[in-house]
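Listed below are the structures to be examined.
Common to both upcoming complexes is chain A, partnered first by chain B, then by chain C.
Moving on, here comes the complex of A and B:
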């Protein structure tokens, strides 16, 4: 009885996700092979995959999305390490209130991506806040002299929005590790007279490595699949994969469905792959470093 | 060491800059008047709240029993169950929403409150379950057993023993559910088909064009509510913990 009860407790959640999530994914998967079509004949075909792989706009989108993902997450990672470093330097001497600083750095986490894009837009667009201030101060003559930083081909606005949103995430994930490293190894460092900076880069940073790496891949995977930021801050060409998929979808033609699902499947497999990677990093490194915590 | 202090201030300013721009741009009383005298604003707020609350109720009903088992029992297939519950966080949600849209049309769920609520529930369930698992993880079975020995019924045991203990993580999970549900744009648009107008859908045309008026007012209100929710959450969770720490022994 007790044994069956477990499955009864767990069943609603599994069935719910199965019916409303996995089934939707499975439908998309079948449709990408030309099966289970809404209109017309259904038969198994790889044509839609071939068509997508051969199209230039798909490769441009993939390249653009990859560049956004890699550049934004790398810059976020570097900035986070800098911020963690100054948080570490501040831990003992308390120049500033630590808690307030952390709250401020983590505040972008509470802003959804949609609104974060808007904030970056009004801050950096040609008639935006910075531009207005510069005109008022007489640094530039008028709005048109301000560089185009949003809805630009290079995706600068997109990257700024991502960096602003994701840096706090990396910092937030790493701070608990930093605190543990400090409480565990700080006294030893004192005994051996290791300087603070050296301790940070040679002891604390390597021990925070797995956490940083995991956050990095979580962000990378997220940006690959994200829709809101590039939709608001991007240009019509090249566009992010998710934006491309949405535009095909919103055209509403049922004939396009299989090609749409092909793009969706590619996006899903990229993020699934990153998920597996995060899992492996977690298993391998966290296990390996265990000695440092005991 | 003055350098570090200056760095601190520079970092803080950089992080606060976007908020600063928002505050500057939303200083227009007539836009506030326009937004808050428009009936559409209130309709959208009502829709958003109804969907979020319904999503939360479904989460509690479905997620709590699952979390209690996942936290404390081993059974064959547990790893698979955990993976299934994690999947909505890994596979982008719009992929499945687009996939299931046609089925929803056939079932009459597209463009309805229920359809949107179901999709929001799927997306928030992983957060709720993971958070509640943490709460159950620290609850020894002995406490419930004790209740059983002393003759408390199942419901009584849940409300007087289990619930007070897992409350902080249930509150944390619930606020995550509400925040994630509030923030949904694309999934609501796909399943709601432009019929179910939540706040993000209502404000999208304004903010996507970089509109400084209504866009700023909507964003300002949204962020304020989000911050307030988090503040209340922290306070209530801390309150519960403090109560436990100070004399008032729960067990």
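Moving on, here comes the complex of A and C:
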């Protein structure tokens, strides 16, 4: 009986994922091989994969997307370590009320990506708010002197948007761990008279490592598949993979559908790979450090 | 455990309990349609990016339908109607019989896509009472694709450019003067990139301006590809003088409007003729904005309403479409206060009073006159050529 109950409880989740996610994924997977076509004859073929792999614009997009994802998540990770350090010091010294401080840091999480990119756009575009302010203050002559930070080849605007959005996520994921470390090891640190900064970097940070790394890969996978930010802040060429896929989808005739699915499959497999990494990190590191929690 | 079982049983019965309604067929009788649609809800899926259009549909049209036949018009706003087109295609694949879309607002390639996938209901125009007054020319082909009664014309749009008239004369009137204008004003002009609808229309318009309307229409696909080489050379020639030196283009019409509003560029464009008036009205554009056309003409097209085969309320859909084609609704639609979209009714078939009413409307000093719009217009290219242009631009211009 207990056993059956268990299956009934997870059934809704499984059905939901099965119908809305796995089924769609499976369809896309089949379509990428030229099967299950909407129009025309269906037959198995690897042509679409070959075509995609051979196209230069695909590699340019892949490179652009990867660079964007790696740089943004790395910078986010570094900044969040800094912020966590400040939060830790604040816990100790109580400069500001702890909860309030945390709320402020986490506030960007409430803003949807679409709105975040629009905010970055109106703030940082050449004729945007910051530029206008600087002209008014006489720092620059006119808006054209303002550096190009949005819709730029290097993707600076995209990275600003991602860093602003994802840093709070890493912080939020790490804080519970920090609190646990503090409550477990704080007294010991007192006994051995370890300084606060040293305690943070030598005890707390290594114990937060797996959580930080996990957040890092989650963000990496997310940025890899995300659409809104590079759509609004990116350039015409090279496009982020998801934006490129959207372009085929919205421009395309139905004959292009398999090529679109190929890109979607590649995006899916890369982020899936990231997921596997998260799982491994979790298994290996958290398992290894178990002793620290007992 | 037992309780769960009962719940399941109840759910199954509840699902079966819904009464099967009488299906409306293509050889419908209008009296039955009116009777069956009374008190029903009709879902209309349409692009929701314009406040004016949304307000017009919800208040004027929605209220009139409610009053006349107790129909509730449920407008579903869509960012890109392609999403709905894809939804319908997927629904067909999944063999979903009771779809949520009753009326869809489409034209051109989306129509072609729906027609080819066999998603549309059929020749519902055949028996539609409002058909009598509609211009014959609008019911023949949609971007070169035969209409065959699968969709009903609803309105007419014409491509136009917008500039600040306080800055002097119209900046350009054809592709030659555009080239000179761009070269003399580096960084002050750009257009939205493919696959944006407006950007695509701009490129098509220039293609027609260079090749000539007749020639562009008559060429076959391979001749057309050949001819485009000259066009890509033109676009690459002006590229270094565009905004951001052509390194990137705005991804949407909205972004171009923002650049125009912030005065980064001097010209914006749109495919609805009253765009300038409505943007001035909401305070987004300055009062000195004025729209203009090209001497050899800008693109015009018709937009249509259609009914998917899996619509759950076909009678309601027919009633709504018939109302939208009526003199009353068309007149309200053409009123610049509401939407300002040109009518598809045949002026020669209307009564003298109705004809007069249409003529009085649509005069604003920010827009070209009706006569000018009637003269300076060129026909749309086929979806096949549109695809060739879009792919070609991406390959030869966008990527470089």
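Convention: the second predicted complex is superposed on the first by the 279 of 294 C-alpha atoms of A that agree within 3 Å, B and C clash if a C-alpha of one lies under 4 Å from a C-alpha of the other, contacts with A are read in each partner's own complex, and residues count from 1 in each chain.
Note that in this section a residue touches a chain if its C-beta (ideal position, glycine included) is under 8 Å from a C-beta of that chain, and two chains touch if they have at least 3 such contacts.
All of these numbers come straight from a predicted model, not from anything done at the bench.
Under the clash rule set out above, the superposition-derived model of chain A with chain B and chain C contains a clash between the two partners.
Of the two partner chains, neither chain B nor chain C is touched by A:185.
In the overlay built on the shared chain, the residue A:129 is in contact with chain B alone; chain C does not reach it. When the two structures are aligned on the shared chain, A:49 is found in touch with neither chain B nor chain C. Within the superposed three-chain model, A:249 lies in touch with chain B and with chain C [touch as defined at top].
Residue contacts after overlaying the shared chain place A:232 against chain B and chain C alike.
In the superposed model, A:57 makes contact with chain C only, not with chain B. Within the superposed three-chain model, A:285 lies out of touch with both chain B and chain C [touch as defined at top]. In the superposition on chain A, contact of A:143 is made with chain C only, not with chain B. Measured by the number of chain A residues touched, the leading partner among chain B and chain C is B. After superposition on chain A, the stretch of chain B that runs into chain C among 96-104, 150-158, 222-230 or 240-248 is 96-104. In the superposition on chain A, the residues of chain A touched by chain B in one structure and by chain C in the other are 8, 38, 125, 127-128, 231-232, 249. On the side of chain C, the complex with chain A involves touching residues 1, 4, 80, 82, 86, 89, 93, 109, 113, 116-117, 187, 193-195, 244, 247-251, 255, 258-259, 262-264, 387, 390, 394, 398-400. By the touch criterion given at the top, residues 3, 6-10, 12-14, 16-18, 20-29, 31, 38, 83, 86, 89-90, 93, 95-96, 101, 104-105, 107-108, 110-123, 125, 127-130, 150, 164, 168, 221, 225, 227-228, 231-232, 242, 245-246, 249, 260-261, 264-265, 267-268, 271-272, 275 of chain A touch chain B in their complex. Contacts from chain B toward chain A in the complex involve residues 1, 4-5, 7-8, 11-12, 15-22, 24-25, 61-63, 65-66, 68-70, 73, 75, 81, 84-85, 87-88, 90-92, 94-100, 102-103, 118-119, 121-122, 125, 129, 179, 182-183, 185-186, 190, 200, 204, 207-208, 210, 212, 215-216, 219, 222-223, 226-227, 230.
The part of chain A that touches chain C in the complex is made up of residues 1, 8, 38-39, 57, 125-128, 143-144, 148, 151-153, 231-232, 234-237, 247, 249-251, 253-254.
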